[in-house]
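One chain, chain A, appears in both complexes that follow, with chain B as partner in the first and chain C in the second.
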Partner chain A sequence: MIRFAPAFAIAVLIGPVAFGLAATFLPAFGYLPTLGGASLNLEAWRQLLATPGLAGSALVPLAAGLITALASLATVCGFVAGWSHLRAFQALQHLLSPLLAVPHAAAALGLAFLLAPSGWLMRLVSPELTGFLRPPDWLIIHDSSGLTMMIGLYAKELPFLFLVTLAALPQARPGPHAAITASLGYGRIAGFIHGVWPLVYPQIRLAVFAVIAFASSTVEVAILLGPTNPAPLAARLAVWMNDPDLAMRFKASAGAVLQLGVTLCALLIWIAGERLAGRIAAVLRLSGRRFARDFAPRLAAAGAVLLAGAAVFSGLFLLALWSLAGPWRFPDAFPQSLTLATWSHHAAGLGWPFAVTLGVGLASTLIAVALTLACLEHEARSGRSGGRALSLLYVPLIVPQAAFVFGLQLFFLVSPLDLSFAALTLAHLVFVLPYVFLSLGDPWRAFDARYAQLALAMGASPARVFWRVRAPILLRPILVAAAVGFAVSIGQYLPTLLIGAGRWPTLTTEAVALASGGDRRVIGVYAFVQLALPFAGFFLATLLPAIIHSGRRDMQAAG
Partner chain B sequence: MTARDDGLRLDRVSIRLGPKSLVELDAAIAPGEVLTVMGASGSGKSTLLAFIAGFLGPRFSASGRVFLDGREITAQPANRRRVGLLFQDPLLFPHMSVGGNLLFAIAPGKAGERRGRAEAALAEAGLEGFFDRDPATLSGGQKARASLVRVLLSDPRALLLDEPFSKLDAQLKQQIRQFVFDCARERGLPVLLVTHDPQDAEAAGGRIVRLD
Partner chain C sequence: MTLSIAARLAACCALPLFLAAAQPARAAEVDDWRAVEQAARGQTVYFNAWGGAQNINDYIAWAGDMLKERYGVTLVQVKLDDTANAVARVVAEKAAGKDEGGSVDLIWINGENFASMKQQDLLLKPGWAGKLPNWRYVDYENKPTITTDFTVPVEGLEAPWGMAKLVFFGDPARGVAMPRSFAELVEWTKANPGRFTYPAPPDFLGSSFLKQALSETVADPAILQQPVVDADFDKVTAPLFAALDTMQPDLWRSGRTFPKNKEALRHLLADNEIDIAFAFSPAEASNAIATGELPDTVRSFVFPSGTLGNTHFLAIPYNADAKEGALVTANFLMSPQAQARKQDPKVWGDPTVLAMDKLSATDRAAFDALDLGVATLKPAELGPTLDEPHASWMVRIEAEWARRYGVAN
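Entry: the complex of A and B
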């Protein structure tokens, strides 16, 4: 059975993307027989190009993708180069990892509570410093340049790139390199960029591409923080795709193809930028300049990391605070009283989205973990590594969701069976599987193969070796990978919206929908639960192995 | 099956990595005998053991046949070969108690009998009362002995030793060596020892083959 696992996993990763893209491209050029489109034409493109504000809708996400990726990558590079020699650096790693579990929607909502003209920052300094007794009429959230959206994306992608970089770092042996470059008189950052970065960057390159793709095509962050007139393309697509007028589907498909083009364009510009950066680095190497005085950029990188972390954490705190707030007038920094009224009011309404979120999350995570384990176990038994097939994991993370999930929706709409829950689970699985695989792959391969060889030599069957030796010893990384997958599922907005077609609302789709209403207490309740679920997953992933392996000292220390 | 067939026989075994020949060996090891294969690290000693035990990676190509007590095991799955392994690390399963480690090795049967065998084997190795202990709490020498007890309880028909003494300090090394070779001789097990330490070879007292 497990012989077929790799092929099946590839089908899960590539199949929906391929079908979805096909079902997006064909209607974009007029072909959709069920809606009477039987011939190829450019009518959809004519409609799309006639849409007011289209240029702005396309250019803001293009800029957001590139700027967010560049800023977060530069921060990570400067921060790791400047501070990874300190012991406190390790502690920070543990502090930032939970941020990975925060759904984009919850982080964006928290940020809005922090930065809005009536937000917490303004309350902290009003009226003492500003004199404001009413929130000023400033456009901070939804600003037309997309700056707040980029700040939100930056704060959320930073911990992701940071953790990916940390995982790649040991192979580049930063310690000895730093010692050599420092003894030659190079500053920490220059030494790192010349000595270590060329070995690290190729390993994290696909993750950077994923950041560019996400930032240039995000729907929920664009809805919550992005400009509104015109809105970023992906946010407009979500509206068109949900339009009851079925004729809009042709235009929406053309828009989805354009979105693919925007993201592709951002990636191509990035790749050109990589070449340029390589040239510049080569010139600097030849020049022999040391850049020994780099304390200012090191400090800036540390400041940016701390600021981003503080912003996200305080945003999350504000979600909780608003959900419990009694009366809370504008310039007050804190509510007059705390109450459970909002919670008890909305408890009944929370039930169904909560159940759907949990159900889809558990189902997709369970399948993803089983599939990943089957692939890795096959790899271990056959002694052959996945090799280049592994880069396929990034396909669903780099092709923008808006470009193929819409087509996928059409695909399920025309299928005669009501498979909506299964379809929704499959749509989540496409995004859950890569993260589970990426999370579990390294600890699995780091497992000492001699344990399994000993067990086999003692006469244990391969299945027994898996269940009694490999899986229990790797219980913790397996559960952590499951928690990562669960968090990814909970965070999914667009696939849930489109494939669930309103019948399967999750905490994420509800929280985003509530955001336009502007009732911060209710938003706080939904966003807080959306946030609490993935944390509960990570909590269990830490707690269970500690209980199951209690009294086994080497299992407590082991990763 | 004649007595002549007993033991471990390597019939013109040759292992290659691409164009490079790593090991060429033709040898028979009688029950209770120790054959020592010596070579520097990277000379393919461990690859030879992987081939005999059934773990040779797909990068390697091998020819030749392996017989154990007259039956050919060359193509058998690793878990049917009945070839016991000892590595330089004791590799007690960290998530099981010492007793759990031993029970894992013992063939299926009545729970009470299996436990009895495990307890008796522990006592024989000077580890009486260690059944419920966490392996992490054992000393280096105790771990090494528990590891040997475990492999013997799986009733192997031959022992393959991969530098099993190299991480022990001098005094312990002598003691554990003696213990391993005595146990193997007592049970009439053919032993293939790979090492780079001449003292190991000397203590084994058998024939020595050098790989270069």
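Entry: the complex of A and C
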């Protein structure tokens, strides 16, 4: 049974992914008969390359992908190395993990309102300190170098890498390692990098790749915070794809292929960087330098984490405040009055979208977790991985959605599933499965096989080993992966809208449609409604292992 | 409550698997209206409409109640953030060969999206709008944009739903006098640096602003009704780009970034980052005052020599599943009752497409009784309507704009 798992996973995905890829690549080379493109040609590429500002559009996301990943990874590494021995660390972990549940758009919107010249920070000090009765004409949001966009991505990706790192940490046994490196005179960070990081990084590597892929191809954050003259490629793609002139879809598809190239390029540069970093670490190891005085970098890492957390939390607080606000004008630091009108106006009619969101989220997450576990268990028992074919799984992560979803739509239209709940679940699965796989794959493979060998030697069946040994030890990463998958499902807008065609409204389709009206009060309400479900998911993912493993000291995070 | 939702969900998971199979084709014969109404009874109409304004969503929900009660038609609004998503769905269905039983029954549409769907043969044919019973009230004689949508002949492929006009608004309480023409606006921007901007084309409102500016700066407006001739382009648009060049350094953020769309523009006014915003809906300011977004001191104004105007419509895709239901819905939304309610600023404030002199005395009284709200101009105050330039001008101007200002850095 279980040996068919990889084949089954591929069978489920191959149709949607193949259609998605075909719908991205064929129109890029002129083929889309419905719109009059009957032959292969390079016209779309000629048009794309003639677009003003294309180089800037491609370079900013490339830089954003690499810088965001490097900065957030360095922060996580320094923070975990420097502070995971403290009790307060545990509390912080519970505090930061809910940030994962915050939709990117909501986080970006909150940040924009925090930092804008007419935003909250400025309102707090105006006019008393600044003398400004009207906001200054400063370019902060949408700055041309994309710095604000990178800050937004950094603040949002930090909790993700943090949580993934924590899930991987217990197996690297940081406590004993720290004791050894400390006794050898190494500083906390140096000891961690030499002793623990080589065991942790391989486990979180795919998550880092996901961060690079996301940061280099994000649409929402780019639109809300990124440069506009020119905008990052992904944001321009979305505009071209939605252009009323349907002929623009050819150029948009060529742009999607270019975007894919940008993301792959960022990943290749990162992989080259990994090699370089490995060399540098080796040189440092051999040099014997201890870096015993590392309080400054430890402090910097803690400061960065606190600042990022504070930024996202205050952004959320501001959205909450907006959802309750009466009139609120510059330079007032707080609304003139508070009202529940916006909430009561929108609360009705949320029941059905809520039920659909929950249903499709649970269904796709359960299938994804079951498939992932089956594939990994098969790999563990047979010693063979699912092979290169399983990398098919990651395709939906790096192909720009706008073009890809068009192919998905075609796939379901020619299948008998069109417009059914099953179609929607399968469409979500296409995006949920890669995240679950990459969250779970490496911690699973890092599992110390001797536990299983011991159990087998005592006569337990492979199934019993799975249920009694492997699954309980890996409970935390399993639940984190499920929570990530659930959050991914809830965040899906375009696939839900285009494949459900309004038959299956979710909180997200409602939220994005209403948010297009631009009223911050309404956006505030929906951001919180949208936040509630994934928040509950992450809450359970951190709470359950703590309860279940409460009697087992070595199963606590960062043990 | 929870149980019923769970049961509904369970039922819905299983049912569509069996019910999604193709339904028999029905010919929609608009001439026999009784037959249309009969066929429509029991149908569900999926109305794909921008869902960004709660008051509009509420209006559509009201129309749904009426349709259910009178015609047995169930109206479901598919809330979109962009009409292009409905167009994309129809394109995909055509690509998959699904020429019947499509998932989109009715689309709120106009301008370029209509032109595209018409050109790609994605709309229900032959023309049907002129055959709807309520067409007899429509003011197509005096409102040319009802029969010509952005210079594209409508030919009955979409039914008029409401009128739009480019209207500016600002807050007199801030003590800044408002310009009365594009030329004055250029001077105004120089005198008030950083306090004006416009959405970046090809956003609909941004492009409309450029069209307005083009219409006011061109020496002979007649030339704009013809397709662009390469040789003329630079000469005809020279005054336009000279004016935009003058404005550029004094725009908000010195023109280094532009707001994305009309919502972003309105926010900038609300946050006191700029002093003038504009929209294609005369009720925009009143609606924003009603939600508390803008202060109640905001007022609308137009340029006395005229601003652009257009009409928004309802279209039926060629493969719609509930064609009769969609026809009945379009007809109802064109009725004096539905139009009067839509024009009520407390509901929506969208100007009617009907001719007052074609209505009965009672229906007319319903329109006369409307109080348009403090910030909405009366129909008589909206000033003349300028003709839309031929679409080819906009394509060239958007490209030139992108080259000059779109990649400033």
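The rule is short, and it goes like this: the second predicted complex is superposed on the first by the 346 of 559 C-alpha atoms of A that agree within 3 Å, B and C clash if a C-alpha of one lies under 4 Å from a C-alpha of the other, contacts with A are read in each partner's own complex, and residues count from 1 in each chain.
Rule of thumb we're sticking to: a residue touches a chain if its C-beta (ideal position, glycine included) is under 8 Å from a C-beta of that chain, and two chains touch if they have at least 3 such contacts.
On a predicted model such as this, the values are computed, not experimentally measured, just so you know.
Residue contacts after overlaying the shared chain place A:R173 against neither chain B nor chain C.
Once the two complexes are overlaid on the shared chain, A:N229 sits against chain C while remaining clear of chain B. Applying the stated contact rule after C-alpha superposition, one finds that A:A515 touches chain C and leaves chain B untouched.
In the superposition on chain A, contact is made by A:V239 with chain C only, not with chain B.
In the superposed model, A:R450 makes contact with chain B only, not with chain C. In the superposed model, A:D554 makes contact with chain B only, not with chain C. Within the superposed three-chain model, A:S118 lies in touch with chain C and out of touch with chain B [touch as defined at top].
Counting the residues of chain A touched by each of chain B and chain C gives the higher count for C.
Looking at chain A, you'll find no residue that touches chain B in one structure and chain C in the other. Residues 1, 5-6, 8-9, 12-13, 16-17, 20-21, 46, 48, 50-54, 57, 76-82, 84-85, 87-89, 91-98, 103-104, 111-113, 115-116, 120, 193-194, 200, 202, 252-254, 256-258, 260-264, 266-267, 270-273, 291-293, 295, 402-403, 405-409 of chain C are the ones that touch chain A when the two sit in their complex. In the complex of the two chains, the chain A residues touching chain B come out as 382-384, 448, 450-451, 453-462, 465, 468-469, 472-473, 475, 549, 551-555, 558. Residues 50, 53-55, 57-58, 77-85, 87, 89, 91, 93-96, 104-105, 107, 134-137, 150-151, 154, 156 of chain B are the ones that touch chain A when the two sit in their complex.
Those residues of chain A that touch chain C in the shared complex are 32-36, 52-53, 56, 116-118, 134-135, 137, 139, 142, 144, 223, 227-230, 239, 241-246, 325-327, 329-330, 345-346, 351-352, 355-356, 359, 406, 409-410, 413-414, 416-422, 494, 497-498, 501-503, 505, 509-510, 512-522.
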